[in-house]
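Next up: some structures, all given as structure tokens.
Two complexes, one shared chain (chain A), two partners (chain B, chain C).
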Partner chain A sequence: MSASVIAQYVMNGAMLGMMYALVAVGFTLFFGVLDIIQFSHGDVVAAGAFAGLAAWTLLTAAGVAAPAVLLLAVVLSAIAVTALLGAVVARFIVLPVKGAPQLNVLLVTLMAGTVLRECLRLFYPGGSQPKLFPALLPTSGWDIGGFHLRFDNVILLVSGALLIAGTHLIITRSRLGLAIRAVAQDEETARTMGIDFRRVVLVTFALGSALAAFAGVIDGLYYNEVFFGMGLLLGVIGFAAAILGGLGNLYGAIVGGFLFAALQTIGAVALPFASAYKDVFAFGVVILLMAIRPTGLIGERASERV
Partner chain B sequence: MEELRVENVFTAYDRADVLQDVSLTVERGTITCLLGSNGSGKTTLIRSILGLTPPRRGRILFGGRDLTGLQTHRIVAEGIACIPEGRKVFPRLTVVENLRLGAYLEEDARVIQQHLDRVFATFPRLAERRQQLAGTMSGGEQAMVSIGRGMMSAPKLLMVDEPSLGLSPLFVMENFAVIRRINQQGVTVFLVEQNVHQTLAIAHRGYVLSQGRVVAQGTASELLADEQVRAAYFGSGPPTGRPDGPRRNP
Partner chain C sequence: MRSRAIAALFTALVTAYAWLLLRAESQGAIAALILVGIAAGILAMRTQLLRPVARSLGSNERFAQGLAFAAVVVIALALRDDDFALLLLTRVLIVIVACLGLNVQFGYAGVVNFAGASFFGVGGYTAAVLASSARLPHLLVLLAGGVTAALAGTVLLLPILRTRGHYAALITIAFALLFRTFLEVNDALGGPQGLKLGEMRIGPLRFNDPISAGPFEGSFYLRYIAVALVLVALAFAVVQRLDRSWVGVALDTVRLDEIAAASFGMDIARWKIAAFTVGNFIIGVAGALSAFMIGFIAPNNYSFAESLIFVSILLLGGIGSAWGLSLATAIVILLPEKFQIIQEYRFLMFAALVVLTLLFRPVGLVPRPLRRLVGPPLS
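Then we have the complex of A and B:
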């Protein structure tokens, strides 16, 4: 295998890893503040991608052609819609069942995800079919040896990394982040510090969902296609990545996301018979790793849970 | 002038009333204590005042303002801070982060810094360990973090729940001295304790809680002289009336 082919695989893996990490960070944030699994998270991502697509469709119909304007509109509407959806899920689905067994929360969010997914299929024009997602980034690039490094991929990777770094700064440096970490560690004592618990939960859900919106947009821009069911696998993988890294741990989610993408890529390259088995291989290894490290790769003790 | 007034409060977990018709007042500038044995409802009263377990009936007034039914963060914003039972430091936050949370509602960075300096002056040990995770500290050091955190908002009323719990006698003495000093700086203190003698040594007035009811009240010296207090404290049987001594609730 030539170096250029390997580089192509690495690039592809990095792109997947960025998407998974962005989704996994959401799972880990939600678990941090409320100790719950928000299982509709993946479908919120899909809704974000469709919101971006809708913004593009409307603007192009209105005659806007400048790619920069369109891109900005796509990203902002995706973020706005998912942030709102995340907060709505928190406010009307998760918080009302707070105090109920965790299984119930898992069930109601799972159902909410199904409702959301079906809404995309039924109400988005032509939503039952895969939709073409516009290429809004320059597709030219550099040729390095035989490997073609595309601008759009670099832009997506760098902006994803910046978003994760920004989230990290918010969590570790800002007053909001301090409140989020306090609520994650001891909700009641946090409230006696004057922290508005409900507001922190809503903001956290909005933040985690907005990050995932970006994963949805990356997905759309990278594959030039979105699909109403895209959130299902993305959600399961994001969840697996968060668990793999150690649920509740921000760095763990990032590591888990990239690790899962690496496994998929290795599965696609190394399995001689068919790359169609890459998910089977990746999930199989995750199951194995969970058996060896039941609390995730980055243990609770050594880490600073958000 | 009264700072805190608890009026006929009933508080229940599920259905069983833990507090039954509790009334008391904390005068501004005093250390007022609430004595009682384990399970008498002391912590429940603190939780009721903070809105963590809102009263089923009755009212809680702070500086004349009715706090009943407000959410915890609004109650705290009125100027109440709590040093909770078991210290409850945030284990995976540093000492400084714990202290900053105490001043979460303060917007002015200079004021926060002043309060931080004051805490470090009171507990030089915390200044040395400002970047240490609170969960990795000893019980006595965690108590310093918890007390410091309570000082950070410069509250009008500081509620202290069992500061002596699980600490060595030396630390208990130090903590009581610090509480007295905080009070001398003008902060009203509501001190909840099992430790009768050390508590009454620094308190001005006190109440005795037994099985969710106030069974005795009076000045510290009155309570100290009262057999009733000992009976309630050790939980030996229902209170019996006595013609003299401190005034009792009917």
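Then we have the complex of A and C:
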């Protein structure tokens, strides 16, 4: 195998890893503040990608052709829609069942995700078929010894990294981040210290969902296609990545995302049948990893209190 | 005596309603019937009118089961030449069996399984492969469907035992997605086109010939209904015996508090394995019969969305409640098939219904009654 082919695989893995990491960070943030898993997170991602697509369709219909404007509109509408969706899910689906058995929380978010997914399929024009996503970034690039490094991939990777870094800054440096960390550590104490618990939860859900929206847009721009069911795959793998890195751990989620992408890429290279069985392999890895390290590689946040 | 009369009257009413709904053709009539049903349901809940019925059914369990059995037979005979209505009725019975299996896992032991349709599919594909390649008696093929489903479940046992709650849910979701994509890319099992099955035979009986015995003539579906009804009766018997016995108490303990169960010396892993395997076996048998009845199976029938429909049935009926899930199955299967306008929207509708149920009435339509092992039943 030549170096250029290897570089291509590495690039592909890096893009996948960035998407998984962005989704996984959301799972980890939600788990941090509420100790729950938001199973509709993946479908919120898909909704974000479709919101971006809708913005592009509307603007091109209105005669806007400048790629920069279109790109900005796609990203902003995706982020705005998912941030809102995330907050709505938190307010009306998750918070009302906060004290209920864990199973109910799991079911209610899973079914809410199904509602979202089915809404995309049924109500987005032509939503039951895969939709073409526009290529808005320059596809030219540098040729490095036979390997074609495309500008769009670089831009997506860098902006994804910047977003994660920005989230990290918010969590560690801002007053809001302090509030989020306080709630994650001890909800009751945080409340008595005057932190508006409900607001922190809503903002965290909006933040995590907005990050995931960017993963949805990357997915659309990279594969030039979006599909109503895409959130299921991204959600399951993102969750697995978050667990792999240890739930509640921001760095763990990022590491988990890239690790999972690496496994998937190596699997695709090493196993001859893996290309046809690409998704089968990915889900198989999820199941296997859970069997081997059910609490993640980096270790769980706290042991169960009896 | 009087309480038995109440139960019989109630069953007669429900039977008549089901018969009307199954044979109704025009969408207007069906819509009217559905509205009447919803109105009756709301009225019954508001006025507590069903209290005496529930009490009499609860205190005469055997009698109630006999009534339900008779009701299905009466409906099937009344509709004997209506192929579509009988197909729907059989489908309801088969899904009841599958959901009873899922109930052992979900409702009793608390082992989450979001791959119900996948195990249903394992049963179906086993039936398709065995019926075309091996000369096994078809009743054994049904059993084999259950055994393979149980075996397929053992793949998930280790990860499920090592995890709990959300993590275990993720594993079964991953399996459901894996199973469907596997079927689609695997050419040996027909790929996306699926497989065809020949007719079912038991001894000299050929299931796809129309029935005619003297003056009596009926659709060939009557035979499938008979088999499905036997399966429902068996599954009901197993599940209710389980529930009544110390096994049921043990499973409840495992579900409600693993730590307490463990500190009382219970082997949690063993109970979970037992419940998961028994449940998958029942689901697999139902899947095999379903494949025979439809005569054709494809990956689309076993998607994650279908698994969620099974879970919706459990939750709408009232988790752990065998009667509740039977009622919910009838609603969830019949409604979209009869009322065609909502067919396309069924996943959306039932998912939304489950969300509402969980938010406002988490116990479901017919809550699971408290078990009373000694003395008269609770009213």
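Remarks
Rule of thumb we're sticking to: the second predicted complex is superposed on the first by the 279 of 306 C-alpha atoms of A that agree within 3 Å, B and C clash if a C-alpha of one lies under 4 Å from a C-alpha of the other, contacts with A are read in each partner's own complex, and residues count from 1 in each chain.
The criterion applied here is as follows: a contact is a pair of C-beta atoms (placed from the backbone, for glycine too) under 8 Å apart; a residue touches a chain by one contact, two chains touch by 3 or more.
Owing to the predicted nature of the structure, the values given are computational and were not obtained by experimental measurement.
When the two structures are aligned on the shared chain, A:Phe283 is found in touch with chain C, with no touch to chain B. Within the superposed three-chain model, A:Val69 lies out of touch with both chain B and chain C [touch as defined at top].
In the superposition on chain A, A:Glu188 makes contact with chain B only, not with chain C.
One of chain B and chain C touches more residues of chain A, and that partner is C. In the superposition on chain A, A:Leu233 contacts chain C only, with no contact to chain B.
Applying the stated contact rule after C-alpha superposition, one finds that A:Phe197 touches chain B and leaves chain C untouched.
With both structures placed on the common chain, the touch criterion links A:Ala179 to chain B but leaves chain C unconnected.
Overlaid on A, the two complexes show chain B and chain C touching no common residue of chain A. Remark: chain C residues 110, 112, 114, 155-156, 158-159, 162-163, 165-167, 169-171, 173-175, 177-178, 181-182, 185, 259, 304-305, 308, 311-312, 315, 344-345, 347-348, 351-352, 354-355, 358-359, 362 touch chain A in the complex. Across the complex, chain C is touched by residues 36-37, 39, 93, 96-97, 100, 102-104, 106-108, 110-112, 114-115, 118-119, 122, 232-233, 236, 239-240, 243, 276-277, 279-280, 283-284, 286-288, 290-291, 294, 306 of chain A.
Contact residues on chain A toward chain B in their complex (touch as defined above): 175, 178-179, 181-182, 185-186, 188-197, 304-305. Those residues of chain B that touch chain A in the complex are listed here as 50, 52, 71-73, 76-77, 81-82, 84, 88, 90-93, 97, 100-102, 104-105, 133, 149, 153.
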